[in-house]
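Below: a set of structures, written as structure tokens.
In what comes next, chain A is part of two complexes: it sits with chain B in the first one and with chain C in the second one.
Moving on, here comes the complex of A and B:
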């Protein structure tokens, strides 16, 4: 136990530095790279996925053999993430439709406002 | 410099604030004087500031929570004073805004949660037969980051001005354009720092309960309070990151000029409300589920019966936890997201009342044909049931999206959430504290004073909040600082109720002092003829909790042990006990968080960066710390146990 603990925590440091580099790279991609927008989005999403795997494998003990708790936690996490993202998009998409299709009461109001501005 | 100090840094011009400043200075001087005079600085540092013992951390949480209950309560009394009569000029609108904001924030974040987390800290390891939590060092980090976060938040009313956008801190009102200055930053950073601690607590207790149970204690043999803590830990771990992100985004908005929640630049102000309640609704279950657990323990103990419908209790809590993430939009039905969205969230909200109703019937079933003892913890639990049901029923009324357009932002809503939060959480905290008090401090709280404070508080509570439902129907809006003449009679009644509650609280606190002086000391560890494992330990509990960890063979571990003559001190099977070492790093690291937070509040980047470097340095120190704790020798265990068990013979 103690011998294992006193090893130099190589994996953690690599993971930590890796996360920092990926985060800075993502910030640079947005602020300073000058790439076209869709390439920026693709690149930061790829880096996010890579970083998620770094977290899961280097810090979160995903490789440990303790099946049910790990799987349960992961499924729960995916469920909550889906609720947060899909739920937010669904709830908040009201009134923000850019194609002027009828999307609830607010959308109409916005259209009317815009029409007023046009006059 | 002087100009900045007087005009921006310190809050000036209000006699109430001057009074607060003077009292803060006087109390600080008094504390320093007492500690120095009695030479207690070393004791304080060794025994409390550096401790990693879950029992001491729990007690510190509870002390801090009671202090915050006092502060939040003073805010409440100021509000009642302002609202009693029309045309009162006791507080101006700005000051009133600040007070309802700090009242709400402090009561939820710095009172309710720490109180329950304190009880969890003290009780859960004892209930599962563990010697500490899974990560004792992290536990200390949790407490100190909460304490320094709370301190940062409380500092705002004398330095820089308090946040004034409500405890929900809605954008764009809380954004940089409509609310410049440090006030809202205090809210953001205070919650961010204490949120780190809460998140760590969630992970800590999840691991503790899943991994450190005594041999033989399967999940379905766990005491119900431990179950409620486990489920709460899951909710914390999955809900708090949302708050962390939302707070960070708004901090970046305010300090670095991004436009997540602004009106301009394609910002979405309502996205703040959305994210806030994605965290905020699970949050209300974080503060109610442990209270449910406490009531279950208390009712079963004082009705002298096994908890009725244990499995139904567990499943209903799991169901509540799952549903808690699916109802958040009911906090802003009036945003007008359309019939589809509102209907769905209306239905999910009403669904929550089903498992909650199951729990109510289980409590009643537990009491059915029981030989009930009416000690103070039981009184709080009995008071909880009818008061909470009123809050629950009005909650279902609010859940109807169409009707909610009438109730929204009126005193009806104010009455509803106080009815669930006070009757649920606050009664639960008082029940839990009086119930476990003998285990914590070695003596009961005085019964007579306990009953007086209970009756004052419960009667005051109903007199205070029932009229508010009718004020809501009469159209009195939430967060108004001036009332119309026709609302006066009911507001006077409400204020009388608030005064009664304040008397109840004062008697409660006086009871702590009185019991310390005069209560009979406990001779055994089993004060109430208890049923779960925490009562199997001696009082006071030795720092290693259990000399030998018992083998669990069924539910209600201690009840069974009492019948079969088991013990947590098996002389022949003693082994050296491995315990964690104390550490000053959590305290120092959290102090650096405070420095970094204060720097960000004032946008003094040099200070903020210095604080962050300090935090990092503490992390490095901790990362390369190879102290694996120490072992308690068999002789020492024997000596401690023999001494502690003298009274039992």
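Moving on, here comes the complex of A and C:
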């Protein structure tokens, strides 16, 4: 608690600089890195999650007072979000990319197998 | 844990049991907000690429614009954190100063977002243009509506702080507004990354 009475808000400034660096790194990854697309997407999503944690822990005082309930609630919310988004994308794109080449009739089982190989 | 007693030390917003429960309750609300935005992100992801005859995101998204909006909102989240820091030092003047800076940055963000939407509409991308643009405008528009609400909330709170000064009630209200404002930036980080950045590479 003593840190709160200091004149210099060190934690906020560290968090802010960290966020700026992560934002610029993500922008550079897209514009200038030349990495394969899926690596760009993975790296910028990881940087976004890190930035979200900076906000939660360094700006939002997540762990104060009822901290354990609040941390549990946020983890639960992130889990729900991941299930909704990944689940929707997976369900709605299931077999989608194979529809063009397939002539139907007995092809369904092959589609299922191909999907499983992909995951 | 904090217990049920009234405290005489520590941050003002945590002194009474009711206020501690209010802050916890607001965290639960933010959890529900994450679920709300998750459904909108999911819709956006599923409809990604279904632009029909409308322009594609690669044609319309511009890095300088997206970065400017990101920096405005990120800086406003930082200044809002400083405002709460000043509040905990007991400085009403510091709190008001940083809160007004936060408000100005928030308005700047909103101005850019409105300009962006108008610009896209001129280029032929509106809510009705295609499945992709519908999901885009609903997702970013819901975030923009939250920012608008946050700005109105902050204006009302500044008036109340000026009238009543810093006490347990106004401190708790300011702290909750701070949580809400930081949360808007958390959502924007994911909007910037998964809508603007991915929209530029895919």
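Heads up, the rule we're going with is that the second predicted complex is superposed on the first by the 60 of 119 C-alpha atoms of A that agree within 3 Å, B and C clash if a C-alpha of one lies under 4 Å from a C-alpha of the other, contacts with A are read in each partner's own complex, and residues count from 1 in each chain.
Here is the rule we go by: a contact is a pair of C-beta atoms (placed from the backbone, for glycine too) under 8 Å apart; a residue touches a chain by one contact, two chains touch by 3 or more.
Here the structure is a predicted model, which means the values were calculated and not measured.
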item	value
First, second, both or neither for A:9, with chain B first and chain C second	both
Touched partner set for A:39, first chain B, second chain C, both or neither	neither
Which superposed partner A:77 touches (first chain B, second chain C, both, neither)	both
Partner chain(s) touched by A:30 [first = chain B, second = chain C, both, neither]	second
A:90 touches, of chain B and chain C: first, second, both or neither?	first
Comparing the two partners chain B and chain C, which touches a greater set of residues in chain A	C
First, second, both or neither for A:69, with chain B first and chain C second	both
First (chain B), second (chain C), both or neither touched by A:57	neither
Shared chain A surface residues [contacts with chain B and with chain C]	5, 9, 12, 69, 76-77, 80, 84, 87-88, 92
Touching residues on chain C, where the partner in the complex is chain A	1-2, 10-11, 14, 20, 23-24, 27-28, 30-32, 34-35, 37-39, 41-43, 45-46, 63, 67, 70-71, 74-75, 77-78, 80-82, 84-85, 88-89, 178-179, 182-183, 185-186, 189-190, 192-194, 197-198, 200-202
Residues of chain A touching chain C in the complex	1, 4-5, 7, 9, 12, 15-16, 19-20, 23, 26-27, 29-31, 37, 40-41, 44-45, 47-48, 51-52, 55-56, 58-62, 64-66, 68-70, 73-74, 76-78, 80-82, 84-85, 87-89, 92-93
In the complex, chain B residues that touch chain A	210, 234, 238, 242, 268, 270-271, 274-275, 278, 325-326, 328-329, 335-338, 341, 623, 626, 628
Parts of chain A lying in touch with chain B, wherever the complex brings them together	2, 5-6, 9, 12, 69, 76-77, 80, 83-84, 87-88, 90-92, 94, 96, 103-106
